[in-house]
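To keep things simple, chains are lettered A, B, C and D as they appear, and every chain counts its residues starting from 1.
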Amino acid sequence: MIIVMNAPTTDQVNRVIEKLTQVGLDAHYLHSCGKTIVTAIGDSTACNEKQYERMPGVDRVLPIVTPYKLVSREFRSDNSLVQVEGVCFGGTSIPVIAGPCAVESYEQLKESALAVKKAGAKLLRGGAYKPRTSPYSFQGLEQEGLDILRAVSKEVGLPIVSEVTDPRAVEVMAEQIHMLQIGARNMQNFVLLKEVAKTNRPVLLKRGPAASIEEWLMAAEYIMAGGNDKIVLCERGIRTFESFTRNTLDLNAVPVIKQLSHLPIVVDPSHGTGNWSWVGPMAKAALGAGADGLIIEVHPDPEEAVSDGPQSLTPINFRQLMQELTSIAAALNRKMS
Amino acid sequence: MIIVMNAPTTDQVNRVIEKLTQVGLDAHYLHSCGKTIVTAIGDSTACNEKQYERMPGVDRVLPIVTPYKLVSREFRSDNSLVQVEGVCFGGTSIPVIAGPCAVESYEQLKESALAVKKAGAKLLRGGAYKPRTSPYSFQGLEQEGLDILRAVSKEVGLPIVSEVTDPRAVEVMAEQIHMLQIGARNMQNFVLLKEVAKTNRPVLLKRGPAASIEEWLMAAEYIMAGGNDKIVLCERGIRTFESFTRNTLDLNAVPVIKQLSHLPIVVDPSHGTGNWSWVGPMAKAALGAGADGLIIEVHPDPEEAVSDGPQSLTPINFRQLMQELTSIAAALNRKMS
Amino acid sequence: MIIVMNAPTTDQVNRVIEKLTQVGLDAHYLHSCGKTIVTAIGDSTACNEKQYERMPGVDRVLPIVTPYKLVSREFRSDNSLVQVEGVCFGGTSIPVIAGPCAVESYEQLKESALAVKKAGAKLLRGGAYKPRTSPYSFQGLEQEGLDILRAVSKEVGLPIVSEVTDPRAVEVMAEQIHMLQIGARNMQNFVLLKEVAKTNRPVLLKRGPAASIEEWLMAAEYIMAGGNDKIVLCERGIRTFESFTRNTLDLNAVPVIKQLSHLPIVVDPSHGTGNWSWVGPMAKAALGAGADGLIIEVHPDPEEAVSDGPQSLTPINFRQLMQELTSIAAALNRKMS
Amino acid sequence: MIIVMNAPTTDQVNRVIEKLTQVGLDAHYLHSCGKTIVTAIGDSTACNEKQYERMPGVDRVLPIVTPYKLVSREFRSDNSLVQVEGVCFGGTSIPVIAGPCAVESYEQLKESALAVKKAGAKLLRGGAYKPRTSPYSFQGLEQEGLDILRAVSKEVGLPIVSEVTDPRAVEVMAEQIHMLQIGARNMQNFVLLKEVAKTNRPVLLKRGPAASIEEWLMAAEYIMAGGNDKIVLCERGIRTFESFTRNTLDLNAVPVIKQLSHLPIVVDPSHGTGNWSWVGPMAKAALGAGADGLIIEVHPDPEEAVSDGPQSLTPINFRQLMQELTSIAAALNRKMS
């Protein structure tokens, strides 16, 4: 860390250096043009950098080491490959996760699953436990939804991705579901992150709507530090002043994450835009940005969907989009299958 | 809800009206200047308003009924008074909750408690379970922290407020703590909200850093719909582009909440600004805006605090601030005690 | 507009209806479940919708007609084609505007122009008047810069795009420059918009960093209402809480604009990200999103650039990017030339 | 500036140091734990800090010197006092600027002026040139509006504040108006800032809706560097995701500005909230935060106002608010007159 001091006394400088030395940091001191700079390099986790801001004479503290370790490119320079029942994220292929927002019935899920598989999707999504803004909205079919997911998964032959919201349910969910999704609103639910870290299941970690890229990587660090390195990040839109779209899908995060981290990143254009007619363009944009996968809401009858119908594609829309994505992937020397 | 249609066919209009009628809504129809408007009034919880956006001919759907019910001024026109061991939020008095960010030791908490009580604080805050951005940061003393809180509370005679982060811990925490705090990052942790709703303890519900006022009220609605109406809202800053302050304390929320809801609202200038030197001005501003209380971080030795030292007041700063607040409260026909 | 009233008296309703009727609007009235709704359809420009919010009994006013007219898809259903010296925006081709942030010297611009032309750029960019956050930063070569631009344009055979910042300079600039750029910070400089509206030159209208899509279209409406319909919109990133990237390039705006308006839209990944290493991925993403063009900063020696060096591509980077874009454009049934 | 390098070669370090030395900076070099840090102190305006980010081996560049000079507390430790025709901003008194958003007629302005003067306002506001989002909205009475302002100012005895939007009009406006307002949308209209810098008139510089505090101070620096040091800053709300209020009035900016700069700061709760019923609470909050003045919209008949009626106080509301503010100012050891 770097500590900038404003016209400090010798005592003030000494006090800072002493404090740094106590925690085992190597402190250096420079003075020029009325500014004094104390530089301390070492294990940033050994000290609370912010504390130095309160010391007399200190103007600002500038961190120089990234706070995440295990998820960083410095820790691992190659791309991580995350396998979900044989489907691989992080390599040349760009797997698509598709399905309805919520599991509503066996028939609805089966129809969705058959349609998305035929169009080329590699995993089936569907929510059994739904975090909803309103207590009066449909909260999911819960265990019944999980049973339907498992049955359809087996019949259709697609691994399933579903959201876990309750730390008490993680262990049971991990037995039934192939990839555990941490929803955007739970990205900093550290109690939940610590639980999924204990399982062997791959985790789809959605970015919180107000989470900085660094905080998102820190949430992944919780999972990886807890023992589970099978993490796929998912950009799904951030909250900004622009309210015409439901969220602002931040595709900039894709190349930034590829630079900072070895983890794969997928994009959710359905939540990212909130409107089915913009899902196609933004899915294609995600490929251009370098995404390692997509997660797209598809519903056999979006008008009747109990949740997120406006942003769901019909099976026909989805099939057509997959064809377009196949061409673009080829132009990028990647492939959709 | 109001459904705006763009040059629809008669069939399209009829289909919309039919769908509204099926869910028991009273639908009306108007046509003028190329726009068609279908108005439907009734219980908005009976239908999924967004679904109508997908219907052919529909341009937009405008909700007209607020989604929260029990927490609204329409439900209850008087201010709710929330009592915590004899301390009342929502009336003429403006109680102050004060204490360190995290419980670090018996001595640290005892010293803090004595100081803040002497200066006029009515409740003691202190975190035993700390949600931290980094897995490598201090995570709180956990049960040991709770034990210290209880001991100090009894000795000093201040009720305690502490954060609960794990739904599995709610029942036990509720036995030990006088007011349960839901932290900003857990505002939409609906699993947790449902658990605190089952207790009899007053809840301090912090606004999420990216939560709209409406979403915040919906989170309170979860608690109230679950059976617990002892809710105090807490504005603690939202996330904006301005990064000079840790958060942007949104004092506008105070008069807005007072208009929309009967619940008391307190303000946290410590997290709202992130810097002790701005805590005083923003605490005074909060009173001007109409806040029903304050929550302020005070630490006997902020330089050595393990968490949030830069935003903590010293006991001396706090005592002086309380004196200033007392004058302002009087000018507003309220009082600090 | 729709006026929602909360348990109004008959007098209050009559007063609203009377006021609407006075300005020539057709008012209708509905009552159900304690809510009263007054619907008024007609020319929204005839009245000040917001005024109705102050009337007794009125809860909210909901606009239903978009405030922009001439730039809307409703006004013109086909894509507008904007020609700049034979280069066409809005059709199948995707023209690229490239060059340095600021004109620094004849040699620098000539070298840039030759390089970007060879790689396939269709227009040359370069700032002669630079709006800079600091008064102490380089403010551009001004008239000398314009002279260099004209000379190089003629020699190399590329039309030029340059920013105009002063309403007093618009007429003279319009004689010398082929496409006038309105910078992001001037998007709502209405005095300037009215001046460019009087010229015959195509205008590149950048989105303001805090401008909603609707406000951006309203700025275009100023130009079109002033008599100039040769407008190309340019998404260049909005300001959000995420500060890792210089701005948050909002590619969602591309499909949204294509739906709302007939105007072409180009994307600026250089300002949108602020870092040359993310320019390539976001340029490719822009094509996927449906952009009608790109504007990219290229500098022969970015390390020595006086402005925006960190986000500039070298000529070699640019040439390689153009090749990749060519493949993607083909996959999208478009072309770069 | 501090340059953080990631495992650089000796050559890369030498190149950075050489470049710093060339521009006259004093460079130092430290190496520890795989990080290399080059520290350079000197006149930051002498070099383009961002350029160093492109150099091989460089990870990040951290500025340590604030970019504003003349407006900083370091330049002048005492509060600046800005006088407008005998009314002083920056001292113990808290002057209030009040009046209608737009000048509509002699009668409207005269009535407003008499009412606000009687209630204790010290300056009269009123827009003659109105920047409006829509080209179809009322754009102000222009020169006729100025004539009315001057007549009423003389008759009633209140100095006037009015917005200037066109650099061509600055000289003429400065002859007629006592305080020139730079509106929020023009905060980074540097052409306009340079013109007002040439006048002797005090300037009311509104913060742009997406401007950081640092950018706002840089805009003030343009004016002060141009020769005019009579600057009053005005916080009027920033743009955030929260859309319930028109803007998010950022009162945190008040203590932050008082710490960073010697310039006075006033608050505009009318634009900051957009709703008259929240103006009172936020005006009181502004005093608590330490504001040096207020600017409040007052209209004799807000329902009929051609602009911003919903956020205007009636004369009666305003009189009552002034009484409340007087009590609060006294509690803060300040006064409203």
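Heads up, the rule we're going with is that a contact is a pair of C-beta atoms (placed from the backbone, for glycine too) under 8 Å apart; a residue touches a chain by one contact, two chains touch by 3 or more.
Bear in mind the structure is a predicted one, so any value in this text is a computation, not a measurement.
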item: Farthest chain (mean CA position) relative to chain C; value: B
item: Which of A-D and C-D has more C-beta contact pairs; value: C-D
item: Length of the line joining the C-alpha centres of chain B and chain D, rounded to whole Å; value: 31
item: Between chain C and chain D, centroid-to-centroid distance (C-alpha), Å; value: 26
item: Centre-of-Cα separation between chain D and chain A, whole angstrom; value: 39
item: Per-residue overlap in chain A, given as positions that touch at least 2 other chains; value: 210, 239-241, 243
item: Residues of chain A that touch chain D when the two form their complex; value: 2, 4, 26, 28, 30, 32-33, 35, 37, 39, 41-42, 60, 62, 64-65, 239-241, 243
item: Sites on chain B touched by chain D in the complex; value: 210, 212-214, 238, 240-245, 248-256, 259, 272-273, 277-278, 280-290, 324, 327-328, 330-332
item: Chain A partner contacts - residues on chain B that touch it in the complex; value: 45, 48, 50-51, 53-55, 67, 131-137, 165-168, 185-186, 188-191, 208-210, 215, 218, 221-222, 225-226, 239, 276, 302-310
